[in-house]
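The next part holds the structures, each set out as structure tokens.
Two complexes, one shared chain (subunit A), two partners (subunit B, subunit C).
What follows is the complex of A and B.
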């Protein structure tokens, strides 16, 4: 989730200066702690971070009005952290998950607490009806390899598939070799920072794999959540074992509930207490409930919001490949087999709650009322709107085919682990609601929707038929120039969720689905995982884009700034204007010129001189948005948008 | 309106994030668009070659123009002026919401967007076109001058849709860049209002008892005044524009705000009047970002017959062509009387007795689910 930082210009609403001042003061303090004798640079960094923490404005303004101690403490903590981040010097962008002073601070704290605490005897784990919890023996459980009923992604994206398998194996969730005794799913409770798309580090509590260091969002799946083959499946009525360790200095709980309510109203498991600092796993055994989609979570709402959640997928016994439930007399009949299935876990993140958790690392439960919760980052499967567009376990790529065929579309298990009402909107096709909270739809009333209301803790399984788009004209036939790949978004229409850090549309709760043209075998039978040649072409391209993003992310470079001055100003369409550019960078706390940078603007390319300056004379015929692009080796490429006003 | 020179410092790397989407500049010549139909004759010839399930007998070519304006202003009941944007139609009509687009099933629809100077699109929400006509920047392009969106309303499906700009959507829809999009069943004149003499039907091949004589389209909308001071690309370069925090203060039905005294909105198009024995079709569009609860009197017997442009059915019809199962209706309470953002419901009201029935639209916070505001109106049955 590491990504580039942004430098905001103007805090959006009133109260900004207060925030800036507080953050600046905090930055100065952090700078002193971090680099004695370098107060000046700390203050510069602090100013930057004060701007970066511009969103604090509103929170601090609220604090100033309400004077609530919780908010004040949390906001100050966020300011401090933002400042500290900047003071580290390399900038938030370089700060990957778990790196830097933040992680160091928190791990120091954790170590301190570890020393202070007496390890709780694990035998205190609670026994609850329907679930057996005990501490497992110290004998390590061997990891095994195997296959799943659903099969593997086929050749064509072979590298993708093998990478996925390797990745899943590394996550420690591999299928059984012998199904006689179910191998346990292994989870670890941990905490740590994850960097958001705008460069802000956010503190999470969450689940991860035994060898993981930072929380996974959502936690490692129980059962097989999607098209990737590596996870063991859970079938209804079969025994399930989960082993949980706890790296944190506080107790947590583990709950799987059938209902979609806060608290345990109809539990499958728990809440089971997972004692602090448990290195020998607590074993939880239960019988897999009815087929459907479930959430496992800490029973406490704020811990769930902090990241302590994951998805459990239970498959039906004796049903087709990807059906959500077995056929039955009082169940809606699904008149086709389903090609693929996915889980879309949607979540909203409030960094202030994260800072409270960082500060109160010993508290199992954090007091943070629902009214205070203000999500600022939004995910599908832990990914923002840029990452999710290329994610193989999120993006359905489906062969374009007749929806009256024997196999159609994909099952999407929509899961809301947050607290907000989301409104999932599919472009390109409507979806059919098949199952809610693991209860199959009854025959007699079918909703075909393009917007799905998904309230907190709801799990709604829908069928995306992936037909050709009924209203397309030109029709989606092989004559269509874009027949090979039609891309349609799916996003939440509670539009606040489309943002990250208060802006950056559409880097929130958004992904795509693809309709790949090309021939489907005449028998009407679609290969396993829908792997037609056309589908594999699209999947390969997505994998390449993923790799390219990863490469560009890992490329380090100094950051440039570009100023543009049109003359005469303002720039207007239809008038020849001289645009003067200046490129600078901050080095040793001072702003310096960048010479030799290449600027592309208005179809011309110029290089900056030793003072970092260059100029272009150009006339734009139309008003609008024009891009200036600056490149130089050793620096990050920068794109500036220049507005051209309407001519008079 | 001349735009001042605005500076944006985009530190984001475009190749990573594609914040700046491709533009479609000056697609003024229809033949630049693949499959663009130039005349009614051409359209009739093309559709008559379709297979029977796609309704070769239905549809005419209907053209619309939607020009972007950003100079709108609407005064709230407390005297506060609110800036808004929107789409102006071919006859110069502006409004909040923007003028309705209404067609019949089978029609070929061409909506010419004139964005003028800045990036906009039109997404016909709930329509299933090809991706170039879907109006989404990251999967196709944004429009800086003009582009004509083309799609065909498939004759199998009629109902309630809407259209909106899909550029910096969080802001642009809130600024008012949306309007209703209604598809009547094939063979219906979309421009003729329903009446006792000429009843209309909500969905294609609907049973006769679903015929309606009165109709209302309610856009349920709320305004956060702070957002209405923001600029076109607010937040797009990484600055915190506060777009994650929606704090509506005014609550509206079709651009008519609820007054502080709580009296019902009586504006035409909002307050419904009917005679006993008439059936009313109420189309609800949630155009704000919070879930909304619409409280309707039991005496109105509200029944859902359509949602998101699809009739309710008793079986799964994966084809979407009405090949399987039959239509059913469900009481409004079946969905808790609530709409998520961008959801649409079509409700048949069959009042059982005369009277004036209050209607309350409750806007609920998306997290706390507390009522943050209401808009009231009435249904009067004579």
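What follows is the complex of A and C.
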């Protein structure tokens, strides 16, 4: 490094163009490897990062070196800039697509190193052996002029297009039809314990929301399952995007199939492999199939039984969406829209399978033959027993059918994600089968069903008329005391499914449905969601009952955890020992200190500080077991046994 | 030299740039060869954790045992006709019912015995054995789950309930499960099968 010659290495525009081109290649390569995000956000991110790339490239072009490995350094710098541009675009696009900061950082890092894999060899190949770089002394080029406004614009504009395309390429590649959807559905594969109705913990694998920690049973819906308009709707023929992350240490698959078979016989999607420990979402794009009800699931049966399933609801494109399918000459005619739509996803759980999955947590597939599967818990939408009788996702509350109303009742999409055949039986009325496995019933005869057989993986959409059975006796007139709120049960006729934990009745697969009388519209259509005053009255009462159940459960208090560490350890009889305590609890998925807990130990009482810690010095005369008791308002009392060893 | 010109005036800087680029390329190659999220971009390695990481013993918590797991699902105060509870209750005794679930993931049959469970009252007081409920030895088949009910007559009026000690039949390890306080104890009418204040099932 002794030479004092200062020479620009690469002409400004050439450097800028090269950087932009390499950025394009890097982003394209990274995009081929990972494809999350959306085109719109990618273009914005691409424009922003392209400006930076142009400016940096312009600066690069005027790099002056003082000897040394000049061309290799220049090539490396070009490669770094190009890869960084693509990476920044990728990260920004991930952020704007709502992937979260961690996912965006992960995406940026991955795009950077993947980009460098392309740009470093390419830039070295182009710059080092070539004659473009003017080596000091051979052919002096004009002295670096610095960054002028014109040069900046030229370099910037030249690279804007490339980098914008690069950013887009990194995030979504071609702006296909599927990418036009504004927001993807986001799922996370996770695992964890869910407490059953009898208090027993059962281990599940399943899907949840991106911020969820334990599986949802069933997984978050794709589309809007009703009755609450909580989710974006999916209409047949529309592009759909699903982003899936995998929080578990094993690979899984994602499958949506039209047929009701175990295997993928007529798939809408997949099976798509979802790699283990995926923090960057795997994007799955597809066109919504025909209107109807579908199951998304892991393609492996045991994983589905462990909870890896959910429901996708596709609405018809034309003639009002509150129908199971669009009218057609080859389809059963439905004269009017339905008042409400529900999904009843029925499922059976075997805790032994869950325990095996816990033990073999790295195994994507659990060896557990079908004949071994013995369900002990039975769910409707993840609820059973008393829970399902009050849950708004399982209990239809319908306004009594008015003869002049345009609506015809409630559409219930019955889905069996388990392996046992179920037989759903409605009291109060019969149902009409409208659709099986997303295939509309044919015109002509339609059968009233008192008991609906529902095989494994079958989806049957039925219409529950919003009036009492036509043969009900005595007739329910407005003068009848039960007219205002007629409650009817729905339960499975398979007897074992009415129990939980091997015999707890009636804690199984059952729920209610309500017919609310009162003031019904004299004419015209029923309000959205069937919200007549009488219906709202019933719903309010159910909500109060739900709240009462929650209150009575929380009255038992949150659990605390206590750790004790005697000092000097181990604690010995006959000598004074300082016992340190720490009380914690789990709130919002995190372990937090419990302040102000009262700890009674060795005849002394102390309170924990804001870090949940407390200490007490005690001398025990005899060896044995000593009890430490922790109490705090709102928490369950906790007792720990501390052993005192023999003194020496 | 114009002030806007970058100057790499040391060999160290040049080498750093080269090293950074090639190290990144190498990392990219590794990432590509070892695809993870989304086919290769989930670069953030994650410590594998299991959700069952040693929870403190308690009601509804899993206790790992040699044959799989068991859980003490509920503890409840028995109400209703006392004689029908099958317990010899002295005045002041608390009729306590505990439900436990065995999950046998092993390929052999496991034998349930009420002697695996006992209540540990305060120091110096003898342990309390179950005197009602499922007192006969029973089998839990290979890869089966089964629930058992044990009934205890708990003397005294201490607010704090004794811990339930659970013994692993094969390993011999003992786990003390705190049952909470008398006040928080839900009730269960074993004749009418009506449950306690929390609405859950307490067999």
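By definition in this document, the second predicted complex is superposed on the first by the 369 of 648 C-alpha atoms of A that agree within 3 Å, B and C clash if a C-alpha of one lies under 4 Å from a C-alpha of the other, contacts with A are read in each partner's own complex, and residues count from 1 in each chain.
Here is the rule we go by: contacts are C-beta pairs under 8 Å (C-beta built on N, C-alpha and C of every residue); 3 or more make two chains touch, one makes a residue touch a chain.
This structure is a prediction, so every number in the text was calculated from the model and none was measured.
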{"item": "Subunit B versus subunit C as contact partner of A:236, first or second or both or neither", "value": "neither"}
{"item": "Which of subunit B and subunit C A:277 touches, first, second, both or neither", "value": "second"}
{"item": "Which superposed partner A:482 touches (first subunit B, second subunit C, both, neither)", "value": "first"}
{"item": "First, second, both or neither for A:638, with subunit B first and subunit C second", "value": "both"}
{"item": "First (subunit B), second (subunit C), both or neither touched by A:504", "value": "both"}
{"item": "Which superposed partner A:335 touches (first subunit B, second subunit C, both, neither)", "value": "first"}
{"item": "Touched partner set for A:627, first subunit B, second subunit C, both or neither", "value": "both"}
{"item": "First (subunit B), second (subunit C), both or neither touched by A:392", "value": "neither"}
{"item": "Which of subunit B and subunit C A:495 touches, first, second, both or neither", "value": "first"}
{"item": "Common ground on subunit A, meaning residues reached by subunit C in one complex and by subunit B in the other", "value": "6, 8, 197-198, 374, 376, 386, 501-504, 507, 549, 552-553, 559, 561-562, 624-625, 627, 629, 636-641"}
{"item": "Subunit C-touching residues of subunit A, taken from the complex the two chains share", "value": "1, 6, 8, 30, 33-36, 59-60, 62-66, 68-70, 72-73, 75-77, 79-80, 83, 102, 105-107, 109-121, 123, 143-147, 191-193, 195, 197-201, 203, 214, 245-246, 249, 275-283, 350-352, 355-356, 358-359, 361-362, 368, 372, 374, 376, 385-386, 500-504, 507, 549, 552-553, 555-557, 559, 561-562, 624-627, 629, 636-641"}
{"item": "Residue numbers on subunit C that touch subunit A, as the complex places them", "value": "1-11, 14-15, 17-18, 20-22, 24-25, 27-29, 31-32, 35-46, 48, 50-52, 56, 58-62, 68-69, 71, 73-74, 99, 101, 103-105, 120, 122-123, 143-147, 159-160, 163, 176, 178, 180-181, 184, 186, 197-203"}
{"item": "Of subunit A, residues touching subunit B in the complex", "value": "3-13, 54-55, 57-58, 197-198, 332-336, 370-371, 373-376, 386, 389, 402-404, 408-409, 419-423, 425, 427-430, 432, 443-454, 463, 465, 467, 469-474, 476, 480-482, 486-489, 493-499, 501-507, 512, 548-549, 552-553, 559, 561-562, 564, 566, 569-572, 622-625, 627, 629, 636-641, 643, 645-646, 648"}
{"item": "Interface residues, subunit B side, partner subunit A - complex", "value": "2-20, 23, 25-26, 34-35, 37, 108, 117-119, 123, 125-134, 136, 138-139, 144-145, 150-154, 156-157, 168-171, 173-174, 226, 230, 233-246, 289-291, 307-310, 312-321, 323-325, 328, 330, 334-335, 338-344, 364, 366-369"}
